[in-house]
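You will see two complexes here that share chain A, one where it goes with chain B and one where it goes with chain C.
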Partner chain A sequence: MKRIALENLPKLYAAIAEKQSLILPVKKAGQTNFGLWTEEADVDLATLKTVKSAKDAFFPQSETLYTCQRDGKTLSLQPEKLEEEPFVVFGIKGCDVRGIQILDKVFLSEPVDSFYCARRKHGIIVSLACAAPEESCFCKVFGIDCAEPEGDVVTWIAEGYLYWKAATEKGEALTAQVADLLEDADTAAVDAQKAAIAAIVEKLPYANLSLEGWNGKVLNEKFNSPLWEQLYKPCLACGTCTFVCPTCQCYDIKDYNTGNGVQRYRCWDSCMYSDFTMMAHGNNRTSQLQRFRQRFMHKLVYFPANNDGAYSCVGCGRCVEKCPSHLNIVKVIKAFEKEGK
Partner chain B sequence: MQELKNRAIELLENGTVARVLGWKIGENTYDPEPAFFDSVEAMKDFVYNNFCAANLSKYMIEASKLEGKTLVCLKPCDSYSFNQLVSDHRVDREKAYIIGVGCKGKLSIEQIKKSGVKGILSVTDSDPIQVETLYGNKELPYTAGMLSRCFSCKGKEHVVYDELIGESAETSTVDRFDEVRRIEAMTPEEKFAFFQAELSKCIRCNACRNVCPACNCRKCVFDGNKFDSAQKANVDSFEEKMFHIIRAFHVAGRCTDCGECSRVCPQGIPLHLFNRKFIKDINTLYGEYQAGADPEAKGPLTSFTTEDAEPSIVSKGGIV
Partner chain C sequence: MSHHECTCHPGFYHDTLIPQVGVITSIRQETPDVKTFRIEPPQGGKFFEHMPGQCAMICVPGVSEAMFSITSSPTNKEYQEFSIKRCGELTECLHSLEVGDQVTVRGPYGNNFPVETDLKGKNLLFIAGGIALAPLRSVINYVLDNRNNYGHVDILYGSRSADDLVQLKEIQEVWMNTKDVDVFLTIDRPQEGWEGNVGFVPNYLRELAFDTDRIAVLCGPPIMIKFCLQALQEMGFKKEQIWTTLELRMKCGVGKCGRCNIGSKYVCKDGPVFRCDQIDELPAEY
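Take a look at the complex of A and B:
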C-alpha cells in the first residue's frame, strides 16, 4: 500500500498527465462529470456520483466512425483513428467499474467493437472507494463492494491521504511512473474505513432489495405481466435514465450530411425514445409501455439470459436520483415483488 | 391531504369522474410519482405532500382522449399550464374535473441535498424540515429545500378549477426577472461564456422538452428522421448554439414559466432563463402578458396589431 497527502494530489495529476491524458471528475457550472484534466480544472473527488457515469471514457455518447468526402467523381473514405495512446481514468467508483465490465461482455464478445476495444486496451482504471454511500445506492445487491472497488489501481481517501494500491500489471506500470510522489503506508486507515463503510452499506434503504424471480428464464412471465400497464404511465419518455446509466449500451448509427460528403457517427440510443430500433418497416415497439418495459426486461431478464445470469444493473442509483417522474428500477423490482409476479 | 383524497374517492364513486390524476406514494416522502387512479381500491396509494412538484397538466393530453372525465389535481402555477394547453387545443376542458390543490411552495430532494445532507433515511415535508440521515440528523428551514422556481411564485390563485381544496400561500421573495437582468448586464463575451458553460453540460436526454407543457407538438421536429442532427446525439456545439434556443423560441408566448424544465434537468442547467428573457421582452414589446392566465386571450405572437414591434428591432440590436 502506498499513499500521498491530499494536498499533493495536483502534483499527482500533473505527473500522470505528463505521460498520458487524464480523465477524472471535474466540476463545471455546478455539476460534476468525468472530464479531461487541465491545470485549471476544478477536480471534485468529494461528490459521490458524477451526473453521467464514467462510461463516456470508453464508449462516448457521440463519436464519428468514418467520413466520406466527394470531390468531383472521386469518393474518398477516411476511417476514424482508433485509440492508440494510453489514458488514465481516475476516481471511478466500484459501481462504475462493474459497469465497464458489463460493457465488456457486450463490446468485447464477437464481433468485437474495435473502437471500444482500443480504448479498453489503452485505458488505465484508477478506482476510488466510496467514503460515504448515499440513500440511492444499492450496489451491494449486485455483489459490489464499494469500499474495495476493482480497477488497475485502487485508491481510498482517508485521514488526509489518498491510499494507493496497484492491482494489475497496468496498475503497477502507472504506479512506477508516479513512484516519486508516493510513500509506503500501512493499511490501518483503509481497513478502518472499509469496516465503517460495511456497516453503513447494511443500513442503506435499498441494501436488501430482492432480485428473487428475476433471471433469464422468466421472459414470458415478466413480459406479459399486467403490471407494466400501471408502471409506465408517469414515464415522460425522456432519456435521462439511459444516459446517466453506466451499463446502458444501445446505440444508433446515423449519417450527417456535410454538404459534399457524409460523416457517419454513432450515438447512444435510448429505449425510451420513439425512434429506438427504427427499421425500414417502421418501429417494432409502438407504445411507451413497450419501450418502458424494454429497459427493465433488458437489465433484469434479457441480459442475464445471454450473459450467464449477470444483471446489467450495478445499483449506482443515478436513475433513482435523476428520473423527473421519480420512477426507477427499484420501484419496478418492488412492484413485482409486492404483486408476487 | 385526507380531505382531497376523500373528495376524489367520492367523485370516483358517484361516477362524476372515471379516474383521478394525482400522485402516488413513493418509497420515501420525497419521491411521489404522477399517477392515474381508476378505482377506489387504487386510491389507497394516493398522496399529496410538499414534494408533489410535478406539473400534471401535460398528462391531460392523453387523458383527454379517454372515455369520461379525469379528475386532475392542479397547483396554482399548474393551472396556467392547463389553460395554455386548452388554448393550444391539446387538452379538452370538458374532459377535466379540476381540483385546485393548495401549495405553499414545493420541496425538492435535490435542493435539500445541496445543503450538504447525505445518506437520507427519512425526511419530513414540514416547516422546518426534519432530516434523518446515516450520518446524523438535521433540521433545515423549509426554504432550504424549496425549488428555486417557488421563490418567484406566480401567486396563490388558481386560474382554472372546479373546486378548491387546501390553502395556498404566495412564496415569492424575488422578482423573477432579476436573474434575467443580471445576464442582460453582462458583456456579449460574458453572456456567451455563461451559456456555453451551462449548455455544454446538456446530455440531450430531452427531459426538458418532454416535461414542458408548451412542448406539446404531436411529433417534435427533432424527432423526425429527416433531421440531420439526431435528437439524441450529444454534440456540444449544437446544444450550445441551437437546441435550447430553438426550443425557447418555439415556446415563446406560450411558456407560462412553470419551471419544470429547470426542475427536471439532470445537469442543473437553468433553462428557465431563456424563457424568462422571452417573457420579459414580450412584456416590453407587446405589453404585459401572462400565458395561461386566460384561455381565451390572443397570444402576443399569434395575433397582429398595428402597435406591434417592427422586425427592424432586430437590426437595432433588440432589447438588451
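Take a look at the complex of A and C:
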C-alpha cells in the first residue's frame, strides 16, 4: 500500500499526464463528468456520481469509424486510426468498473470491436472506493464491493490521503511512473474505511433488493406479465436512463457530411426511442410499453441468458436519480417482487 | 484502401464495421419497383464467400446503410447480386444509381439456411411472396447447382400481379426446365394475359396439398408467413419442418448495436434464418 497527501494530488495528476492523457472527474458548469485533465481543470473527487458513467472513455458517445471521399464516381475510404497511446482513467467507482466489464462482454466477443478493443488495451483504470455511498446506490445487489473496487490501481481517500494499491501489471507500471510522489503506508486507515463503507452499504434503502426470479430462463413469463402495462405509463421516452447508464451499449451509425467527404460515425442510441427499430416497411415496437419492457428485459433476462447469468445492471443508481418520471430498474424489480409474494 | 492492424488482435486488419468499396456492374429491372444489382469489388469478383440466406450491408455514403439478403447463390463463382425493392430513403437512392456507380459493402452477416444439414437429402418446398424471393433464390440455386444432394423440389411463388414477379426469366428458363423441379406461380388478382393461378399464396398452398414428406422454406411479408404457417400446419407439417426468416432494423450486423434484439437473440447474428419452433420461443415482437 502506498499513499499521497491530498494536497499533492495536483502533482500526481501532472506526473501521470506527463506520460499519457489523464481522464478524471471534472466539474464544469456545475456538473461533474469524466474529462481530460488540464492544469485548469476543476477536478472533483467529492461528487460520488458523475452525471454520465465512465463508459465514454472506452465507448465514446460519438466516434468516427471512417471517412469516405468521392472523386467523380470513385469512392475511397479512410478508416479512423485506432487508439495507440496509453491513457489513464482515474477515479472510476466500483460500479462503473463493472460496467466496463459488462461492455467487454459485448464489444470483445467475436467479432471483436477493434475501436473498443484498442481503447481497452491502452486504458489504465485507477478506481476509487466510494467513501460515502448514497441512497440511490445498490451495487451490492450485483456482488460489487464499492469499498474495494476492481481496477489496475485501486485507491481510497481517507484521513487526508489518497491510498494507492496496484492490482495488475498495468497498475504496477503506472505506480512505477509516479513512485517518487508516493510513500509507503500501512493499511490501517483503509481497513477502517472499508469497515465504515460496509456499514453504510448495509443500511442503504436498496441494500436488500432481491433479484430472485430474474434470470435468462424466465423470458416469456416476464415478457407477458401484465405489470409492464402499469409500470411503463409515466415513461416520457426521453432516453436519459440509457445515456447515463454504464452498461447501455446500443448504438447508431450515421453520416456527417463535412463538405469534404462523409464521416461515418457511431453514437450512443436508445431503445427508448420510437425510431430505434423503425424500418421502411414497419416497426416491431410501436408502443412505449414495448420499448420500456425491452430495456429492462434486456438487462435482467436477455443479457443473463447470453452471458452466464450476468445482469446488465451494476446498481449505480444514476437512472434512479435522473429519471424525470421517477421510473427506474429498482421500481421494476420491486414491482415484480411484490407480484411474486 | 488502407488497412489497420488491430493492436490487440495481431493479424486482425479490418473492423467489420469498415466496408469495402463496391462497383455496380449490372442493373436488371425486375419489376416496376424491384431492381437486381450486381455489385463487385473494383478489381472484380466477390467481396467474400457467403452461404445461402446470409446478408450484407450496402451503404450509399451520405444517404444510409441497410441490410440486404445476397440473392445470388454461393455456387455463382463470379459475382454477387442483390434484389432490392424501392421502399425507403436508401432504396430510393439505390434505384437512382447507374452502372459504374460505387457503393460500399460489408458482410457476410447472419446465419444461413441449413443447406448442408437439415435440408440435405430432403424433398424441399419453397414458398415465397413478392420481393421475399430474393433470399430464397440463393438457396434454390444452391440446391439446383447441387441437384444430386436434394430430393424433389417444389417452388410456390406469388406476387401482387404478373408484373411484380421477380426473377421471372430465370424461373421460366432455368427452374421450370430443371429435372424434378415443379414451379407454381400465382398472382393476387386476375390479369389479362395471365394463364396461371390467381389467388393468395396461402390459399394456393392449401389447394396444392403437398405431402408432409418434405422440408418447407418460407419467406414473405409477415401476413403471408402467418397464413402459410397456418396452412402448412393444417396440412400436417410440424413447425420443426418449416424454416423462415425474420427481418428487423439493423445497424451493426454483428449483434452489438442492439436494434434487432428480440428475446435473447439478435436477428443479424443469430438469424435471419430460424426454424418455426425456434421462433415460437421468442417473445411475439417481430
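Here is the rule we go by: the second predicted complex is superposed on the first by the 330 of 341 C-alpha atoms of A that agree within 3 Å, B and C clash if a C-alpha of one lies under 4 Å from a C-alpha of the other, contacts with A are read in each partner's own complex, and residues count from 1 in each chain.
In this text, a residue touches a chain if its C-beta (ideal position, glycine included) is under 8 Å from a C-beta of that chain, and two chains touch if they have at least 3 such contacts.
Quick caveat: nothing in here was measured; it's all calculated off a predicted structure.
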Clash or fit (per the criteria above) of chain B with chain C on chain A: fit
First, second, both or neither for A:Q78, with chain B first and chain C second: second
Which of chain B and chain C A:M278 touches, first, second, both or neither: both
Touching partner for A:D252 - first (chain B), second (chain C), both, neither: both
C-alpha centroid angle, chain C to chain B via chain A, nearest 10°: 90
Smallest separation of CA atoms, chain C relative to chain B, angstrom: 8
Overlap of chain C and chain B interfaces on chain A (superposed complexes): 252, 257, 269, 278
Complex contacts: residues of chain B adjacent to chain A: 26-28, 31-36, 54, 110, 118-121, 134-135, 197-198, 200-201, 203-207, 209-211, 223, 225, 228-235, 260, 263-264, 266-269
Of chain A, residues touching chain C in the complex: 65-66, 68, 70, 73-79, 81-84, 106-107, 111-115, 117-118, 120-122, 216, 219-220, 223-224, 249-253, 255, 257, 262, 264, 266, 269, 271, 276-281, 284-285, 290, 294, 297-298, 301-302, 305-306
Touching residues (chain side chain C, partner chain A) in the complex: 1-4, 6-9, 12, 15-19, 21, 59, 61-65, 87-91, 100-104, 221, 247-249, 251-252, 254, 256-264, 281, 283, 285-286
Chain A residues within the chain B interface of the complex: 28-31, 33, 48, 51-52, 61-62, 132-135, 200, 203-205, 233-234, 236-240, 242-244, 252, 254, 256-257, 265, 267-270, 273-275, 278, 321-322, 324-327, 330-331, 334
